[in-house]
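So, here come the structures, one by one.
Two complexes, one shared chain (chain A), two partners (chain B, chain C).
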Partner chain A sequence: MLAQYIGRRLLLLIPLLFIVSIISFALIQLPPGDILNMEVLRLRSAGTQISEEQVEALRQLYGLDKSMPEQYWLWLSNILLEGNFGTSFTYVKPVGEILAARVPLTAAVAIFTALFVWITAVPIGVYSATHQYSLIDYFWTFISFIGIATPGFLLALIFLWVAFVLFDISAIGLFSQQYETAPWSWAKFLDMLQHIWVPIVIIGMAGTAGLMRTMRGMMLDELNKQYVITARSKGLTEIRLLVKYPVRTSLNPMISTIGWMLPSIISGEVLVSMVLNIPTTGPVLLQALLNQDMFLAGSIVFILSVLTVIGTLISDILLVWLDPRIRYEGMT
Partner chain B sequence: MTESIPHNGAPHKPEIESVAAATASQSAPDREKQALYTSSQWQLIWRRFKRHRLAQIAMIMLAFLYIIAACAEFIAPYETRRDFKGFVYAPPAKIHFFDEDGFVGPFVYGLKGGRDENYQRIFEEVKEEQYPIRFFVRGDEYKLWGVYKTNLHLFGVEEDGQIFVLGTDRLGRDLFSRVIYGTRISLTIGLVGVFLSFVLGLIIGGVSGYFGGTVDEIIQRMIDLLVSIPHLPLWMALAAAVPRDWNSIQTYFAITIVLSIVGWAGLARTVRGRLLSLREEDFTIAARVSGVSEWRIITKHLLPLFTSYIVVAITLAVPGMIIGETSLSFIGLGIQPPAVSWGTLLQDSQMIVNVALHPWLLIPALFVIVTVLMFNFLGDGLRDAADPYSIS
Partner chain C sequence: MRKTLSRALQWRRNTILLLVAIAAVALLAACQPQTEAEEAAPEAPQAADTSEEAMPSSTFESCQAAQEAGMAFCEAPMLAALVEAGELPPVDERLPVDPMVGNHRIPESQAVMERGEYGGTLRLLDFDAGTIGHDAGWISAEPWVETEDIKHDFATLSDSIFTLSISDDDMEFTFHMRKGMKFSNGADFDTEDVQFFWDHILHNETLTPLIGTRWRAGNDPTGNVGVLEVIDRYTFKVTYDEPYGGWPGLFTYGSGPHRFTDSDYLKQLHEDFADPASLSALLDKHGFEEGEWNRLYGLYTNGNRQHETGLPSLSPYILTEMGETLAIMERNPYYWKVDEWGQQLPYIDRLEISIVPDVNAATLKIIAGEADMVRRGVNPADMALYIQNAEDKGYEVVVLDMHASTGEVYLNMTYADPAWQEVVNDVDFRKALSYAIDRDTIIDAVYSGLAKPPQTMDPVTDIEQAEAILDSLGLDERDADGCRLTPSGAPISISFNFTPFTGESLPTAEIVAQNWNDIGICTSVKQLEQNLFLTQAGANETQAMVWWAHYPRWPWHESNDYIGQAWQRHYAPLWMAWYEWNLGGGKDAAENPDETDPLVVGVEPPQAYKDLRTLQSELFATSNPADHERIWNAMIAIFRDNYFWISAADPLQNPLIVNEGLGNVAKKGYHIQSANEAEFYYWQDDSRR
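Here is the complex of A and B:
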């Protein structure tokens, strides 16, 4: 049953990734003129002599003289067969090389953020529901409203300002200075863990806020049900009763939240990384777009979308594995 | 969202009994009850909505903000591009009521800029210069709604003095005036964007439903995909393709289109889901069984209920659009200067040193947060009210 479910989902993944690749390729082609125009202009303005024949040669080199579907196929097959995402004009390096260090960081921030959201939202939601209308419940309600209404990059700005005023810290970054250019080591990893909580908390804030409200609502619905009263009358301790029944039932609908959580985390990550100066894909995406370095920009959009789609799939499968009842909902 | 439990027929029984009771003896509270049972759906919705205090406050605040947006030229004391030489990064004005001799009403002192020993900008109040704040003063000329040429402003000080309610920016432009003008783009882009998304959703949803089969399947997969991939990178890539030499109005509509091209899917899915679940409701089936025509079911039973759901879905979709515009403008891909939106105003705070020295640059963020919060409150209230027959 589980294998069948996974197989079906994997099969559905193929058309999905196909559409993602078409969208990304369309984005690459979006700026007026072809991709070379910008580069030729840049070279000429820098004083480099470049003849029409050379432009034509470059055009052939990049396959720009071919038709759109051919170009698309060339682009896609290069990615699939050789892992070659094309060349960035501004960095004069293969796109893959530029992103090699950044994509894993993006993934790490996203995964940690998703975990953070779940680990914080569930207990807070349960506590708020069991202590409804208490001072702490009102406190978390207030926090959740602010969290939902404040986009991550604004939170990051406010955080930076507070950090600057109170602690005189002007840059957050992901590593201390001595590790910034150092190769990966255990010490560098530990250093990263000391810094990474800032973006995680900031990006996760909106998700936590939304999820704790959902959890609270679900719990409140469950707490009034008769089986809770029965369990209580049987003399079950309050904590055991909570964990064993209502919390587990309430967790179920939370699973559907993963579908919207990952995309919003990745979206949030792009801007927050820019503000906090974290070397993920976000800042490169903006630079690439401003320079119309479209192979780089399109590749980032492609990779981020694929990461999100696959991430959602993995979490779906994990949860189906944890709770077999969901499988049937997915099958219908 | 969990408070509204779909009606299941159970609560109707006591209603019928009390209607009978109400007609039997016409005492005052009974008459009130009878009025409740005979009131139309919209009256019920309004009744339910009135109970939602936060949503009401939100509605009033939003109405207030939109009035500000409509009359920006009148409310802002200065024009957005008016730069005051010698008043770069002036702090928010201190409004005084008392001078050395006692109460004189609201006024500001003149400002004198200089540099301290660390070469930081400082401003000092000149106690000799008092500028009372007056209502309906003459100032920068403008054309209200492009028709009436006037120079009347809601408030201000005499020409020699300046009033910077929220301080000034790096070119000495009045931040308060710019925030007020920014309200116009930031608030309308949400509405126009959602409207466009909705129209897009209706057309694509209509095509999907009309053709059915493979077309429907493809469109549904497309919606699933658009909902499940991150929006911001797509928005950024699309916005980056908007030509830089377009004028403000062209850019405005381009950004709106960018926002809705990606954003329509979420709205379409919500609306579609609602419609499908309404179609399966007991009362629809009951009507069909009783031989009511499809047309009458749609217009009489589905559409009124459906309209209220659409209003809710639209209200809750606006904040996403507003945040989208703010984000894009903040990183310089959205609205382009000289047009002002809250996002473009926040560009100045990209440099954290700037914010640390001139914290008032973050004030536009407050407007974004409050607006989004108000739309959320309003949406929550409307959602509870949208289904007035549910038990609360």
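Here is the complex of A and C:
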């Protein structure tokens, strides 16, 4: 039954992804004007004179002399047949190359952030629920409200300011200067670990706070249920009882959000990354959208959509598998 | 049992607290050693110097020693080591026989170049992730010939890459090259490279689909393209069939009309020359389609967004490492300029360019003292922050004149609204609007005082007179909202557009709109997305705008600004269309044109605008500096008397961030210029060398 379920879901993906690809491409084409206006303005603002032959050469360089459907078809067929996402206008580099340079770090930040969120939020949530209305529960409730209410970029700005005032450094970037262009090495990895915790804590703050609250709420629902009371009356140790039953059930929201992690591994946290100057894909996407760099922006949006769809599928399968109470839709 | 649980959780809580504590310690650990390392780093070379007693105390002494030993020129220790190792030819063989000596651009009134010492690193900032092009791009620019300052005064025309002689009829331009000059890869730079550029780049339809007006006689779209004649290995001539004496004025600034690169290198990317197999491998590597070699070519040669290493150039520094957030450039061992003492330039060994996401991150770098020279990354609004930290962090905030204005006011003379057309073509109406603008408030509020009232236009602010003029024009009736009515009784309202391309446009637009509302010209402000703004302006759908332009202070740079086109048409789109249609060859080129469409055929401009265009053509025809001055003054008089646009402030000033230990930085003159003569910079203190 599970295999059938997965198969049906996979088949549904095909038309969905096709529609997603059209929307991704069309959305980026919607605003008036094109990349060329932006590029010429950028050059002029930097003090560079630009002549009409340069503009015309740029137009050809960017392939803007082709029609829209033609551009779309070229883009999609290259992706499907050759795995080639096209060439970014602003970077004049293949989109794949740009992403390859940034995805590993983006993924590292995303995965570490997720671990940070789970490691902190689950125990705190459980503790808050089992000690409802205690001083410590209030303390964490307070902290989590701050965490949810404060946008990550603001925390990042505050952090930068504190680091500047206290330690006299501009705490931006993910590496010390000497490692920035160096190839990967153990020393570079250690250097990265020294810097990476800042974005992890800042990006993870909101997630931690949210998950903490969800954990607490779910636990409170479960703790008063009959089976907990029964288990306790049978003499199970409290720890064993908690971990084996209510915590397991309360983890459902965590599982269902694993799907969202997949796109975030690629997309990165845009604003925090901008503020902290972390070379993730987030700032690239933002710039690409602002510059109407359609192949770059379109490809990132497309990849993100695909990952979201696949992530949701994985979450659904995991949930079905972990929690037999959830039924296959339309299977009854 | 509750107790056991709470103890267990107590333990967990303690663990969390412990983690927090560890994190806090890590924070300290992460930050502290870095600052120590930064402080300690510059001292290391000093220690090395003192340990070797035989070493001369300055690089200049070793230079003198080399000259006594018979060398004509001397070089940086970094290159001397490579010569020693047999990896480079000796300096005398690397330089042309007649290298360019000293600085030709910065006038002595702005700075006198001192003798520098070799060594060290200059830290710069850039913005576009994964590419460089701002401050470092400008440093790499080498114009064909130079004038003093960026005013393009032909009386100060001097040699740079070439020495230029212009024939008496202003039609023949003979360029003499430097014998023995080389590209950064050691290849000779001679007329073969020029010929390659001319025949296979400029006249290649794939690379240059349209040959621009600057290559056409008189800078006119209908003019004929010049003819190149190679005379010998180091001399070539360009001939036009009409006088075009102003031609050099278009390339005494920036990187010239073309940035030369070794033709043998370019042949690997050029379809007509490259080995097909290796070309298609390169195309494949960069994700281009077969036949898209022009895109590949663009990728390697784009100097404005450089990211590929290995491009041979004539610049003082060449890109050697390109990361996502850091780029390294190192000295060009074949650089063709020397100082007056015979030392090959540049003095500083390498550039370290941090790529930050935006101006705010640049500000943080600046106030932390982590950049040595910043032009593009400065934000006048952050002046207070810069100054507050300057002394502690060892940098200077030098206030210099800008070459461009970021918030000028344009009225569209050809906007097709009947009420607007009734009034806007009367120069007194435009004058009244100019008189109403409170320039002092704009200078204070928008530019924090870092600007002057317009120098070449009437800076008068006189609201009473503005109202008197409007009354005398028959605009004395008002409607219920207090808005003035035209003589025929229609209400005038100005819809004032801007796009936040520069931070100055929003506050300027708001102040100006307020000023105009105060005299009864009802004005509303509308912010548009950049592309939409440009599209509307081009389609003659914008009534008035705040946009940026270059000052009416030098005639050559961005000369289209003055005739109504600063990238997009601004003050009279239909006058420009009229010129293109009637005189620019539009009528002959068009197939089945819609002659009823005003965007195609335009509207005949008034005599003053025609005079302006005629004067500009005359300006481009002659190379005589006295004629330039006369013609240019006549053009300025037309701008001033006709209020084709309204200048809010001119010049603006901008802070330049300069490390206080950096020598040979001009602290007078133009912002963009002081930041570019980097081959002369040197570290005054040997701790930075």
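The definition used in the following text is that the second predicted complex is superposed on the first by the 229 of 332 C-alpha atoms of A that agree within 3 Å, B and C clash if a C-alpha of one lies under 4 Å from a C-alpha of the other, contacts with A are read in each partner's own complex, and residues count from 1 in each chain.
Note that in this section a contact is a pair of C-beta atoms (placed from the backbone, for glycine too) under 8 Å apart; a residue touches a chain by one contact, two chains touch by 3 or more.
Everything quoted here is computed from the prediction, not taken from an experiment.
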Partner chain(s) touched by A:P183 [first = chain B, second = chain C, both, neither]: neither
Tell me which partner A:L289 touches in the superposition: chain B (first), chain C (second), both or neither. first
Using the superposition on chain A described above, determine whether A:M274 touches chain B (first), chain C (second), both, or neither. both
Which partner does A:S264 reach: the first (chain B), the second (chain C), both, or neither? first
Mind telling me which of the two, chain B or chain C, contacts the most residues of chain A? C
Which holds for A:L160: it touches chain B only (first), chain C only (second), both, or neither? both
Which superposed partner A:P69 touches (first chain B, second chain C, both, neither): neither
Please indicate which partner A:Q54 is in contact with in the superposed arrangement: first for chain B, second for chain C, both, or neither. second
Given the touch rule stated above, what does A:G83 touch, chain B (first), chain C (second), both, or neither? neither
Shared chain A footprint, chain B vs chain C, residue numbers 31-32, 160, 164, 170-171, 274-275, 292
Of all residues in chain A, which touch chain B in the complex? 15-16, 19-20, 23, 27, 30-32, 145-146, 148-151, 153-154, 157-158, 160-161, 164-165, 170-171, 214, 217-218, 220-221, 259-260, 262-264, 266-268, 270-271, 274-275, 285-286, 289-290, 292, 297-298, 300-301, 304-305, 308-309, 312
Sites on chain A touched by chain C in the complex: 31-34, 37-38, 40-41, 43-49, 51-54, 56-61, 63, 74, 84-87, 90-98, 101-102, 120, 123-124, 126-127, 130-131, 136, 160, 163-164, 166-177, 180-181, 194-195, 197, 201, 232, 237-239, 242, 273-275, 277, 279, 283-284, 287, 292
Inside the complex, what are the residues of chain B that reach chain A? 1-3, 221-222, 224-225, 227-234, 236-238, 240-241, 243, 319, 323, 326-327, 330-333, 346, 349-350, 352-353, 355-356, 359, 362, 365, 368-370, 372-373, 376
Chain A partner, complex, touching residues on chain C are 1-2, 4-6, 8-9, 12-13, 16, 23, 26, 29-32, 34-35, 37, 128-131, 133-134, 137-138, 206-215, 250, 253-254, 257, 286-289, 292, 294-295, 298-299, 302, 304-305, 307, 321-328, 352, 354, 356-358, 360-361, 364-365, 367-368, 370, 376, 403-404, 501-502, 529-532, 534-535, 548, 557-558, 566-567, 672
